[in-house]
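What follows is a set of structures for review.
Shared chain: chain A. Partners: chain B in the first complex, chain C in the second.
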Partner chain A sequence: MEQTLEITQSLIQVSAIISIIGVSLSVMILLYRVIKGPTNPDRAVALDIFGVNIMGLAGIIAILLVSTQFNDVILLIGILLFIGTIALAKFIEKGVIIERDMD
Partner chain B sequence: MLLAVLLPFIIAIFIPFLSKWKHKLHTGFFVTAVPVVIFIYFARFIGPGFEPVEREYSWIPSLDMNFLFYLDGLSLLFILLISGIGSLVAFYSIYYLHKSEQLGHFYVYFLLFMGSMLGIVLSDNVYVLYTFWEFTSLSSFLLIGFWNHREGSRYGALKSMLITVFGGLSLLGGLVFMSGITGTASIQEMMSQQELILNHDFFPLILTLILLGAFTKSAQFPFHIWLPDAMEAPTPVSAYLHSATMVKAGIFLVARFLPMLSVSEWFFIIVSAVGIATLCWGSYMAVRQTDLKGILAFSTISQLGMIMAMLGFGTKAAIFAAVFHILNHATFKGSLFMIAGIVDHETGSRDIRKLGGLMTFLPITATLAVIASFSMAGVPFPFLNGFYSKEMFFDAAVTMDLSVTGIAATLQTLFPYLAVLGSIFTFVYSMYFFFGTFRGKANIDELPKKPHEAPAGMLVSPAILVLGVIIIGLFPDLINKPFIEHAASAAYGSENVKDIYYWHGLSPAFIMSITVLVFGTILYLSIPKWASIYNAVPGRLSLNTFYDGLVERTERYSTIITNSYMNGSLGRYVRLILVAIVVVTFGTMALTGGFTLDFGNVSEVTLHEVLIAVVMVIAAIGTIIAKNRIAAILILGVVGYGLAMLFVLYRAPDLALTQLIVETVTVALFLLVFYHLPNLEPHHESSLTKAMNLIISVGYGLLMTMVAISAHSHKMFDTMSSYFVDNSYKLGGGDNIVNVILVDFRGLDTLFEIAVLGIAAMAIFGLIRLRGKNKEE
Partner chain C sequence: MRGTNDLILRTTTAFIAFILLGFSVYLFFAGHNKPGGGFIGGLMASAALILMYMAYGHEAMGKVIRVNFLYMVFTGLLIAVATGIGSFVFGAPFLTQNFGYFQLPILGRTELATALLFDLGVYLTVIGVTMTIILTVAKDRPEVDKANA
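After this line comes the complex of A and B, so read on.
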């Protein structure tokens, strides 16, 4: 039983680390897209996915550290990403984020 | 005694009120009473049995600054000069200054000056002495610039201020040194410890500083240039400050410290050489002047040089002669200035080329002028005091027998000849002054006014001074025993008694006087023949040019230096600041061996940390090279999110939360602002600037890295975080240690950070709402 538990534990650890490396690689590739562009919408989308990756990363790290403290962080990243991407999209589309005229 | 010194200051407070009635009664009448009272108060001390009087009044006892007054013979001589001539000048000014002038201002400055002059000569405390010393510079500045609508007055006032304050500050340095060495602020106590000062390593510095103070104040070569320009002042001021009192403050200072400093050979060399140089140069230059007051200004310079030279000789006879000449010079020079003022007042011109033949128009003035100027020349008549002191000067120069070697010995043999040379020119300008003004052909049509005799009130003061000339000339013993002797003894340091005779045999001094008379007459009669020498010496070389150049260049170079780094470019300022930080910190750390690299207690580096760091580094570099502004901010967003990730890795959930929100809000804010900005323009920076920027930024980054690593390697104490871990629940009642610290243990910081945010919000609101309001108005 205990042996099973240990194996499970190391299995989780190893898969977590593999996941981190995978996510990191994805982050690297996204970074290339963010820097290279070529247009700003490309960068905006890349940044959005970058955020999603970070959400995943935070989750994996929470598993790795055996902690529930980062659940807030994950949720917050989700909300902020949504807001940020909307703002970016609005900016790219209209040039303003907050419109003065509501008509 | 304190009241006597402060009386002018106290009265000065009431002058503005008194001057309200100046049309009914000239303010000068009130003012004249002040020096008269002081004169009478101090005249009581005259007498053969005079003993020094000491009084102390507290001011700042903890700093050893007290009104310590010491009245010895020397102070008494100066006090009587200040108050006596002060009364006469105040009385003269009643007739000289019209009621339409700003009398209130004039007399306030005048009284300030008189009070500070009394303070200088009475003070025994060096700090009080210096205070009064600067007061005289200040009030003299105000008096010279009295007619401040004139360009010349302002120039003269500024010049005298710069030079005398420069000297005043050196004097302060010297006094502080002396008081530091001896541990007392009292001059008399310093005297008693003179060995300590004389043998101190700083003695040459002290001597230089004190003599600089004395030379600038007393218009000695080469600092004499302010005095001729100070002649822009009203004539009573010239008569009072620039002949009788302020310019003698330097003489007083030298005489005061004479018993202590004259032991040094350098004192003899510097003081007497400067004095003789001033004597010769001043009298030589006086003949060239065309303005009556200009002649008198250079004459004053030369006479002060003579007194200074005698003090420099430091022998018994020379000091006696110096003290005697201080009194004599004050009498005849004061009256000559007043006579020049009368001539100016009655003819409207002070230009000696326009004047001439005024004897028949101003007979009384001419009589006074002949006595005063002949006394200045040292013409051997038994009723002229100038002759006595000049004869003593020659006598002192010839009989001076100091056992000195080197430069001092050469100077000693040279001095009698230079003294005669200076005196010949003194004779020439005295004759030039009198005959040029009062004899010769009268050309009345060229004068602005038709000349006539001055009002009686104006003549009273010069008449009293000329009377003084004659009385001292006829009965020198009348003032010798009760008065001069005490002053000479005080200056010499021990008893200094001498009889004053008119005739003392066919001595070398008498032969020198006759030489002066003969050569002076010849030179005076042939002035037109040799006047062209002034085109060669000094020609265009002049100390005024040097001074003007110095002032002008100081301003110009200061402007150049300031403009060289203050060019308004923020980029440059930041570069300078960073370079300074890098150089200073690197230098200090390298010199003190502050850099230590210790990797002993470093935690293990994990793979994901490295990955995130690499992402951040690439993103940071990407920000720099981004061509598009929005691209730059988006890439910066990666850095921000990466940082949040690092916080997660290092188990700081609160920081990560805050970092994420702040990052998002910042990006949004940037986007808000960017809308209003013009498109990025290609930035034209030279490759040199770019290279420099690169070097500076790499250097700064390197420095910070080194500092961080060294700081980590230098961990000397355990952190106090265990206290928070142990007590956050016990004392703070919370599990979240970060939040307990923020609002409980260290709540004050949070309060002010909230305040910062509030201020920032209000400032943004203000900036947006008030934008362009002023334009509309």
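After this line comes the complex of A and C, so read on.
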């Protein structure tokens, strides 16, 4: 009975570590696309998914450290990622990020 | 030359800017007991403003927000200094902070601290500095823009 309790308690930690390994592999594959990507939009999309993976990583680390203080950080990463991706997309599309007048 | 259509970006901005401003106010008030505070709240508010500037352009936003962001820096610094000087009224050293418990109508018994007023100064200063930097960088080439139009 004692042994079962220990195994179930370590279950969350083991699964969190396995998830961290999975996300890290995904980040490494994305790094290949950022470096090798033939065009600039490829790199922009890869960096966008990079940020999504980092959001997931922050969530898993919050589970591993048993803390709720990371929730704001995860939301913050998402917002900054969205704004950064829009700025990159506008730069690739139009060449300026903040236009003077937009008709 | 026909311009591109920004309908999706503008519609999303109308929703997301409100969420961002609400999150910024949440971070500002949560800073006493949780992660957050005036600095990161001000950065979130300026992120919302920059998103609106990116979606609607410089001239339209200039008509909507009639605030000179340099004056906002001045106001924030003035509030921060005033909370420091206000401690002289009670015979305490400079920047002494105090707090008390009050019975508010909806929130019930709430802890109100004068550190919140100092944080308000930080909040306004961060918004003003960030927006001044970014808008100054954004409108540095008037001749080139007129030539393209």
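What we mean here is this: the second predicted complex is superposed on the first by the 97 of 103 C-alpha atoms of A that agree within 3 Å, B and C clash if a C-alpha of one lies under 4 Å from a C-alpha of the other, contacts with A are read in each partner's own complex, and residues count from 1 in each chain.
Heads up, the rule we're going with is that contacts are C-beta pairs under 8 Å (C-beta built on N, C-alpha and C of every residue); 3 or more make two chains touch, one makes a residue touch a chain.
Quick caveat, the model's predicted, so the values are computed rather than measured.
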After the superposition on A, what does A:V73 contact: first (chain B), second (chain C), both or neither? both
State whether A:I83 touches chain B only (first), chain C only (second), both chains, or neither. both
Determine, under the contact definition given at the top, whether A:E2 touches first (chain B), second (chain C), both, or neither. neither
Which of chain B and chain C A:S24 touches, first, second, both or neither: first
Tell me the contact category for A:I98 with respect to chain B and chain C: first, second, both or neither. both
Of chain B and chain C, which one contacts the greater number of residues in chain A? B
State which residues of chain A lie in both footprints, the one left by chain B and the one left by chain C. 69, 72-73, 76, 80, 83, 87, 96-98
Chain B residues touching chain A - in the complex, by the definition given at the top: 607-608, 611-612, 614-615, 618-619, 622, 626, 628, 630-631, 634-635, 637-638, 641, 644-645, 648-649, 651, 653, 656-657, 660-661, 664, 667-668, 671-672, 675
Contact set on chain C toward chain A in their complex: 3-4, 6, 9, 16, 20, 23, 27, 30, 34-36, 40, 44, 47, 50-51, 53-54, 56-60, 134-135, 138-139, 142, 145
Listed in rising order, the residues of chain A that touch chain C in the complex are 69, 72-73, 75-76, 79-80, 82-83, 86-87, 90, 93-94, 96-103
Quick check on the complex: what are the chain A residues that touch chain B? 17, 20-21, 24, 27-28, 31, 34-35, 37, 40, 43-44, 47, 50-51, 54, 57-58, 61, 65, 67, 69-70, 72-73, 76-77, 80, 83-84, 87-88, 91, 95-98
